[in-house]
Amino acid sequence: MTARRIGILTGGGDVPGLNSVIKSVVYNATEIGCEVIGVRRGWEGLTHMKRADLLSAGGRYDSDYIRPLDRVKTRTIDRTGGTMLHTSRTNPSKMSANRLPSHVPADQLAGYEKADGIYDLTPLVLNNIEYLGLDYLVTIGGDDTLSYSAVLDQSGVPVIAIPKTMDNDVQGTEYCIGFSTAITRAKEAINRQRTTLGSHERIGVFRIFGRDAGFSALYTAYVTSARCVIPEAPFDLDRLLSVLVEDKLANPSRYSFVIASEGAMWEGGTLGEFGEADAYGHRRKVDVGFALVEQIKQRAGEDAVNSELTYDLRAGEPDSLDQMVAITFANIAVDLIREGGIHGRMMAIVDGKYAHVPIPEPGNPRKVDVDTMYDLNRFRPQYHNRLGRPLLLGASLGSGEAALGQPVEALA
Amino acid sequence: MTARRIGILTGGGDVPGLNSVIKSVVYNATEIGCEVIGVRRGWEGLTHMKRADLLSAGGRYDSDYIRPLDRVKTRTIDRTGGTMLHTSRTNPSKMSANRLPSHVPADQLAGYEKADGIYDLTPLVLNNIEYLGLDYLVTIGGDDTLSYSAVLDQSGVPVIAIPKTMDNDVQGTEYCIGFSTAITRAKEAINRQRTTLGSHERIGVFRIFGRDAGFSALYTAYVTSARCVIPEAPFDLDRLLSVLVEDKLANPSRYSFVIASEGAMWEGGTLGEFGEADAYGHRRKVDVGFALVEQIKQRAGEDAVNSELTYDLRAGEPDSLDQMVAITFANIAVDLIREGGIHGRMMAIVDGKYAHVPIPEPGNPRKVDVDTMYDLNRFRPQYHNRLGRPLLLGASLGSGEAALGQPVEALA
Amino acid sequence: MTARRIGILTGGGDVPGLNSVIKSVVYNATEIGCEVIGVRRGWEGLTHMKRADLLSAGGRYDSDYIRPLDRVKTRTIDRTGGTMLHTSRTNPSKMSANRLPSHVPADQLAGYEKADGIYDLTPLVLNNIEYLGLDYLVTIGGDDTLSYSAVLDQSGVPVIAIPKTMDNDVQGTEYCIGFSTAITRAKEAINRQRTTLGSHERIGVFRIFGRDAGFSALYTAYVTSARCVIPEAPFDLDRLLSVLVEDKLANPSRYSFVIASEGAMWEGGTLGEFGEADAYGHRRKVDVGFALVEQIKQRAGEDAVNSELTYDLRAGEPDSLDQMVAITFANIAVDLIREGGIHGRMMAIVDGKYAHVPIPEPGNPRKVDVDTMYDLNRFRPQYHNRLGRPLLLGASLGSGEAALGQPVEALA
Amino acid sequence: MTARRIGILTGGGDVPGLNSVIKSVVYNATEIGCEVIGVRRGWEGLTHMKRADLLSAGGRYDSDYIRPLDRVKTRTIDRTGGTMLHTSRTNPSKMSANRLPSHVPADQLAGYEKADGIYDLTPLVLNNIEYLGLDYLVTIGGDDTLSYSAVLDQSGVPVIAIPKTMDNDVQGTEYCIGFSTAITRAKEAINRQRTTLGSHERIGVFRIFGRDAGFSALYTAYVTSARCVIPEAPFDLDRLLSVLVEDKLANPSRYSFVIASEGAMWEGGTLGEFGEADAYGHRRKVDVGFALVEQIKQRAGEDAVNSELTYDLRAGEPDSLDQMVAITFANIAVDLIREGGIHGRMMAIVDGKYAHVPIPEPGNPRKVDVDTMYDLNRFRPQYHNRLGRPLLLGASLGSGEAALGQPVEALA
């Protein structure tokens, strides 16, 4: 059977490059005679959309959730970040009661309850996909989005998934959309902020996302020739403080800094260590940036500041590399759809090359391979022994690599 | 007497444009046959410098604190932010015991004590200025730096002061160096982050510096056509929430936002209002961005995020307008020094023009004139009745205007 | 009479900031209950639009030329350069035969012929304005657009004009929209290209627009601390070459450069002077950048390159200052329309303040006042005696200043 | 033997990333106890340097040409483009009489003459290298620099070469330093200039470097979803014009554009075709941008402009990818030097991975593989069949691939 109609959705946190994927899927799909249906707000579009008989406005589609896409509507979107389809963190197989679609009859919803207060709306999603007439679904997202993509594919809806996350920690691929732009923005911000560190002769901590994996910190450090600490490698706090003080003294501009993944922590360090623990409560977890600044001030006696690299890293247009990967992932996805037969796969970079792999299991983020990628002694990326490695250095596909079970498909 | 030797220093928080002032003073001064002596770390340079007989390294100057400047050393500095001279918040007339220079004999220091534990090192500063042979001092800073500049000028050291602060709240001038670059950076950051707000359909709060005065929030709102709240005008929280929700609904991209000065607060609002007060403690004051986000979530039921515009606004090279004003302030300062006779004045923009005014009294920041500059009803800058106003709109010199005492000098 | 319907059009070369004017006019006008009708392609919209009876598509307006504007259509346009209304260089009073609207009957057109092959379509324009029901016209443009604005105003159509041009050479105003962004872009490009000049140890010539007036070169030189040559001041070629060679020798990075207005020329210089004159033909006039590079190579024996600052200077989003002025000009224009009675005026900056002035006569561009603004001896902007000058330094309104005839309106 | 002293030089046109290589070589080499000697102005440093006995200033090294490097001198250079060592196009084996070092005795020079007026200074270079005590030479450059690197290596001086060129057309490697930054800058410039094309409803031609190879045009087109023409594929001019007109009509913003390599030409096209041939003379070759604009105007009757992407593409700081590759190439080079034994090799990306290959023969630039990389029918990059390709898509190493003779070294 040839696909006639492709659905597309984006889930999880937005990153630059999502719109490039959407545009490229639309342009390429229309070339091969396929329609593309945009599903809005991630999986919520497929749980909450109303059918024609419930729409006061008439029409076949619930425009709150469903938007047919064409070239005109997507022509310029690749020049902006974010996702024109909006996004959400909905997981249809684990919906809480307060998130259920209100237009669905209570008794029908009751049938979806799996545990107390947890509903699995997969039957509803499948019905809606059938209603929309989708032959294929292209999903773009991180861990959560990917995991439900696998569920759906196993339920009989052919899915091609495209990984995105600034953390770059999706298993099975060396690259996720949004990662390069995040590094580009972080590099620019850090290099700009050197002058304010130097003017005040401070030690800086640049906190960057990455609760489980340190790729963002590590690669930003690589391209700025900086120190970094990452979640995968608890560090010696005394040594770090002493290195930062030495760096500052050796620097004619009298500053130094370290890039810290939000999940990094020193050896033996716990949140409770630095008093007034309940002050931080459940609302705001103490962050390593704040904690490190306290340590630098108290134990090293140096002025220090915590600069958080947050929303700006996921804002704005994608950089060239993200644009290239986003476009290419999209085109390979449509190539696969056109050729038919292949589904339940995730676009990936494997060993430096475009590939597709099984959609990874959730809850097991890819980690930095500390032995080959990080120099714990110097708080730096590993610069030696790069020969034979892929352009972006990351040969490791994470702990799940061996367990992928199926061979990587990478046709020449 | 003709000035032969000019000292220059920078104090307070750094902003882009300081280096442009330094370079222009050096280039212009050398043209008229003056030497320029860079004093490092603001006033600390004049309290902590050692004289020749105490220097183990030999030489006339203590290079930790004193650096003669020339064209080669300052040739490229105008292309970077910050200050090559470093900066500090030292106030020589109010030094605490733990900040005193250790090489000064204890009995000498004892003579400087004015109140318990508070020392006035002005005699030492005057001695050091005499030792350095400075005929004039050019000081670049905000409130604190300016106030001691006035003290010193009254003590017989001719001073020309140049105002800088991102807050733009120095009395007596419509413009302070660093302000335009801050607006430029804020505008870029906000426009970039629109996509992530829209992708997630959120209401954004962009918190921007300005504890006492709302110029930064107001002007950023002006150039981004946005809502803002400022310290000078406590606002109706319910109305703001309702306006933000309406904005979001009216926006096809489904987001809205407000720019909040850090000192803004709603009517009747106090920090104690939103529980767990002691959780925020003395370490981190609750900020209005965080507080507003809580209110939006709880009372308006909308997803919201707080994006802080912090170090990036004071980082990087100055924008064109800051570069122009910095260069011009510096050149007028040296013109005044060359002509002689005029001192104890601050460079300023008055009624849209370059002027010099008395150095303002400290502790009385300039405020936004709410009546003519802000539309409290719409949470917007005032766009009407701009005819006759200066290019940068700000005709008001703040509450101290009438009290300036001396006429503004602005020779055609 | 109260205005109910405002027409708006953009003419001449595009600059960043035009869309900000359009948006602000629309937002402000709708606030006071006015409709805004966008006229596309400058004056061509008013000469070439078809009326309802000629439109195959039906509807009241010829969408090729006429587009009613509202807030939704203009919401995001201020974030991009250019003009959403398109632009042209049409002058309705001087149309050549091949540019006439083809749908207008030949005999009617014949009545418009004023000289052989030159037509004055003003009667047609007036009819179309009446057909559109426009009570006021806001026109945004340079010399040509402004001149026909005056004609039209004198023919009974109330017009408010807004000056734009990167050259900043419109008489009667110290500032035209697009100027600041051009300087911002030029500064960035020049500072970036320093490294390639230095790597190759070259002398650079940065050619910048400005055939009649040197404002662009002068202000770019001001903010980059550079040499410049401008049309208003023919220069001593030998001296310039010798200064550039000296600059290069004195520079540790071994380069130097000059910014040249396209209309600058050395004393006694003419195009014919440097051989193969007919080689340059009518198609491409020899430019001073190319000519200077030849002179540097041949006479100074130095490697040199000509870097042209062209389209990029008018591209992209407006900088903060342009955004501020564009928004303010638009708001004052609508304020004037709302108050009524005032027309035939151009928005302006006069003596550093927002004002409105008579629409200037065409063909007499404002020039740099060499005596006070340029240092011919040093090929530099004049940095001295800036006290009392407006923020942007330019007190001079050009040669037409005295002849403006009517007093400047600038109500406090 | 262990290397104790490494020489480093940069040749040919500068690109962003050279300084990153220099810094990384210095940092890494000092770590393994090596000195690094900077040779200035490419090979000219080794032909023109004076020895100690000829230096009036004294010292061992001729500072015009030789500068020992250390961490302090190179600490900040990776944040700027260009090369701190300066560069030249000198080829020591083919020096013309007027470029010979004047301090070398005439009879000695006479011995170097190989053909009339052409000198091979290799013996002098070898002597100077011996004088400098260099155990290894790291050379960074394009075709010319690489070719003499091979000569020198065969003469007994161990050389490791690092490829750089914006054209990305060095044989044997899929990536050359400077390429990614050029694409990044070109993308930004093109996206910015869309508004001015649209405002004037024009067809744009963006001319980009690439006389022999179309990589720059092709990759810029890839990431901007644009049309391009490249030297490797003479195109059907009529079809291109018709496609551009169609694109413009289909675009709501009413513009279209093509990116043209400077070496692209239409089928049957020659320079003589478009009149006044001698007007362009030998000084300025007619460029395809200009020629295409003429064709678009004359034959398609559309307004068109030629925007040249020139110096800005090689200016400013390297982008993240160039920084990463530059740092990694440098580190692998020093790893090889440390391990010893390997020389006469060029750093490369082969099949998406870091490798080293024989230094390629000169005069045979790598070309775009039209069959797999370009869609001549659509004037677009090939978007299909990317599966299995390296991240940057370019699996092809050019026509010289098969002839490389030696196996690629890429140790895991």
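As written, the chain order gives the labels A, B, C and D, with residue 1 at the start of each chain.
Note that contacts are C-beta pairs under 8 Å (C-beta built on N, C-alpha and C of every residue); 3 or more make two chains touch, one makes a residue touch a chain.
As the structure is a computational prediction, the values presented were derived from the model and not from experiment.
Peer 1: Note the shortest touch-path length, in steps, from subunit B to subunit D.
Peer 2: Counted as steps through touching chains, the separation is 2.
Peer 1: If you check the contacts of subunit B and subunit C, which chains show up for both?
Peer 2: none
Peer 1: So the centre of each chain is just the mean of its C-alpha atoms; given that, what is the distance between subunit A and subunit B in Å?
Peer 2: Spacing between the chain centres: roughly 38 Å.
Peer 1: From the mean C-alpha coordinate of subunit A to that of subunit C, what's the distance rounded to whole Å?
Peer 2: Computed from C-alpha means, the inter-chain centre distance equals 45 Å.
Peer 1: Which whole number of Å gives the spacing of the CA centres of subunit A and subunit D?
Peer 2: Centre separation, subunit A to subunit D: 35 Å.
Peer 1: Going through subunit D residue by residue, note those that touch at least 2 other chains and give them in order.
Peer 2: Touching at least two other chains: none.
Peer 1: Report the complete set of touching chain pairs.
Peer 2: A-B, A-D, B-C, C-D
Peer 1: Once bound in the complex, which stretches of subunit B touch subunit C?
Peer 2: Residues 23-24, 27-28, 72, 75, 78-79, 175, 180, 183-184, 187, 191, 219, 222-223, 225, 251-252, 317, 319-321, 323-325, 327-328, 331-332, 335, 349, 351-356, 383-393, 409-412.
Peer 1: Enumerate the contact residues on subunit A facing subunit B in the complex.
Peer 2: 10, 13-14, 16, 18, 41, 80-83, 86-88, 189, 192-196, 198-201, 254, 276, 278-281, 283, 305, 307-308, 310-312, 314-316
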